Amino acid sequence: MSGPMALGAVDPQVVPTPGAPVLEARDVAVGYGGVRAVDGVSLAVYPGEVVGIIGPNGAGKSSFLGALGGQVKRSRGHILLGSRDISQLPPHERARLGLVRTFQTTSEFARMTVFENLVTAAEGDSGASLKAVILHPRRTHLREQELSERAFGIMERFEMTHTADLYGRELSGGQRRLVEIMRCLVRHPQVLLLDEPMVGVAPHLTGKLIDDLRGIAADGLGILVVEHALEVVRRLCDRVVVMAFGKVIAAGEFEEVVADPQVQAAYLS
Amino acid sequence: MLAQLLGSAADGIVVAAILAVAAMGFTLQFSLTNVLNLSFGSVMTIGAFTAYLVNVAGLSPWLGLALGTVAGALATVLLGRGVLRLYARRRTQLFEMMMVTLGMSLVIDYGIQAISQNAIYGYTVLQGSPIRMGPIAVTPIQVGIIGIALVLLVAVEAALHLTKLGKALRATAVEPSLARSCGIKTSRVVLVTWLVSGGLCGLAGVVYIISTQSVDYTTGELFLPLIIAAAILGGVGSLRGAVVASLVMGLVTEIVAGFGGAAYSTVAGFAILVVVLLLHPGAVFGGAEDRQLVL
Amino acid sequence: MEGGSDVGAWSFYITTLLVYFVVDALSAFSLNLQFGYAGVVNFGFIVFQAAGAYVAAVVTLGPSGGQASFQQYILGSHLPFPLELLAATLAGAVLSLVVGLFALRRMRRDYQAAVLLIVSLIALQVVSADVPLFNGSNGLTGVTWPFGQLFGATATGSPFLYLGYAAIIGLLVCLGVIWLSRSPWGRSLRAMRDHEDAASAMGLNITSLRLQVFVLGGAIAGLSGGLLVEYIGAWSPGAWGYAETFVIFTAIFVGGVGNYRGVLVGTLLVPIIFLEIPRFLPAVGYPGLTDSLEWVVVGLAWMLCLLFRPRGIIPERRLKASLHGSPREPAPAEGSA
């Protein structure tokens, strides 16, 4: 029987060398028609830290996240996961290498139970392929049990075990966010991209979600989060990057960044 | 060889003219409502049978042309306003809307099959003796059809750009919510679009059977692939694009048919769309992901 | 239909309906895998069944007599059982691979469905007009049953035997489809159906999954076509108009999208009880009127299903975590309100 490590096996190139960033964007640009949504953004995320991207509407934050995840076509620049250049890879291959994301509008699988939402996330691995399912039924069965253990482990951590058999569409907004995040964790990712994870979460639960995310980062993950609510950013993020008109206009600790007159001007304009 | 080519090309231009009338109608309603209307071919058949009935009644074929156009317009308004609105009120999504139009197509096609007793009817009107110019032979009515297509292109383009309603239509097609907040009565715009595009559709049905000289319940359905292909290839919403694409489709299908591949002529037309799709998927389908229903 | 001399007319009629039921159930299972599970809207489904039927016909009819004979076709040969059914299955699979490679590209879903409908319309035109291919609009007749010939039986001469044969093949394939649907692979399909972007962001290869389910469905369609043609003995463009696909869709809608028991019920109700039985009743009006009216009703049923969006008679079944062989029983849902 294969150990748990075999499931989350990671390309050795992707494992970051100590002190090196786990995710790096170099001069990434995205263009729609004649419009430059993202215009040469560079940043790095280190293991164990939470980096926030803030900026006014239309700054290109979501497009940038899409370029990192592979959902949006990038017109220039490079994206590195560990030391590996993943710029040319399709989204599912980036995910298999350890870069996973959530979406601005929640993306739970609506007609699947929470449990299924979680185990499905692990199926980008070859274990769920048609070939494996037909040729190795026994291996598939063992894998299912292992996945089930892992899924319940994660649900327990987020106190969501009671929702295991509920359909995605039967959940509250906050629970949907949690399902998205739990689903990402099933994959043992290196990097987590979160697109406005607090939207739809009841105010009294944001504190818990922030603690949860800090806990996940403490396990050694790099987290890049796009967020509107500055209060959340202040409590959640180690570092903040400010984008406006597709460019990075400031970066650093939250307090110093929001004091930056350029940033204040961008928000007011 | 060259003579054959020229002869086929002339036929191709006639087919292109018929196709252009239909494709203009299709692209007009598709760009505005965003509903991929699969019952378009069936409405064409309605127009064609109307003209046939007028002919049976012994009336002028020109009256048939006019009434076929009216029948297409009325049928389209009935479907768009009556049926599709009903679904829109129940929050049917765009994709399901397309499935609804398919159901309408089944009902119309087989309703006509039932009424027409599943027979093929001859429709030989306005034929006249062909005018010969070397290898090219065209009948006066074929020249007439080409003329009708050109006049319609100019007329609809002019209406879109010069009249207030035309401008409102273009604005609504680009950004419906913005148009609405600017005080445009989108509901009225949609009604006019159903009327005009339905009229074009019915008219296309009549000129199609003038050209093929027969009509049965599959008449429009068999033409539908070329219409959709031409509308998509021409860039949805562009009348001139639809006409150019129709010209390409018409020439290719007739040249393939002229050189012995009659069975494969429609395939050849469709193949152009597939090739364009494979080479430039973005060029044809780009940016249309989050369109919304306008009814 | 010929033969059946030593079998009572009624039992022959019932047996024929049951053979159709097996064939339609195979189609409905295959389409439900594509539509109900994977969200792939195959509006050209019937083409793949037709491909299987034609290929099963020509590989058992023997070499074509060419233009001189009463029917001409390509690929004429005498393949023994089970090669002719394999050939039919393969034909469905290969054709769906070719079609899938361009029709399943990433594009708006309504375009995708329209492209598949167009494929269905055009294929019919081509096969009707290109006589050397499969004898044009007259179609092929005189198709035999290679398995029965092994011991001197024919499909229509021994309808019970054929029913048993078809039922065993159908049952095995349908069970296979159910098993695959419940497997991790089937779960990936549902994830793709529910949210394509999220599924690919979780590492699922959408392009490949969609092509897999399309080709697998096409293979089953081809097999069902082979089984059908060996029983009825003839196949022509009249048997696979574009509307045939929507009978199967309507059956799925009526029975319950995503639930195979519902799909079976729907198959019994729509293509069998509703469409086949009137064909054996006295005709109303001119010949063919009943057929036309039936199609009108199918179209209306289709539209009503979309209007009221019922979950079908039996809705999709919730697969609880404990059914996945989970080692732990989840705590009962604590009032999610």
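A, B and C are the chain letters, set down in written order, and residue numbers restart from 1 in every chain.
What we mean here is this: contacts are C-beta pairs under 8 Å (C-beta built on N, C-alpha and C of every residue); 3 or more make two chains touch, one makes a residue touch a chain.
Just so we're clear, the structure is a prediction, and the values are computed from it rather than from any experiment.
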Most centrally placed chain - per-chain CA mean versus overall CA mean: C
Chain separated most widely from chain A, comparing mean CA positions: B
Chain centre separation (chain A, chain C; CA means) in Å: 41
Intercentroid distance (Cα basis), chain C paired with chain B, Å: 32
Centre distance in Å when chain A and chain B are each reduced to the mean of their C-alpha atoms: 47
Interfacial residue positions of chain C with respect to chain A in the complex: 180, 183-185, 187-188, 190-191, 193-195, 197-206, 212, 216, 258, 316, 318-321, 324-328, 330-334, 336
Residues of chain C that touch chain B when the two form their complex: 41, 43, 102, 105-111, 113-114, 117-118, 121-122, 125-126, 128-130, 242-243, 246, 286, 288-289, 292-293, 295-296, 298-300, 302-303, 306-307, 309
Interfacial residue positions of chain B with respect to chain C in the complex: 36, 38, 83, 86-87, 90, 92, 94-96, 98-100, 102-107, 109-111, 113-114, 117-118, 221-222, 224-225, 228-229, 232, 262-264, 266-267, 270, 274, 277-278, 281, 285, 288-289
Chain C-facing residues of chain A, complex: 69, 71, 90-93, 95-96, 100-101, 103, 107-113, 115-117, 119-121, 123-125, 127-130, 133-134, 140-141, 143-145, 148-149, 151-152, 161-168, 170-172, 180, 183-184, 187
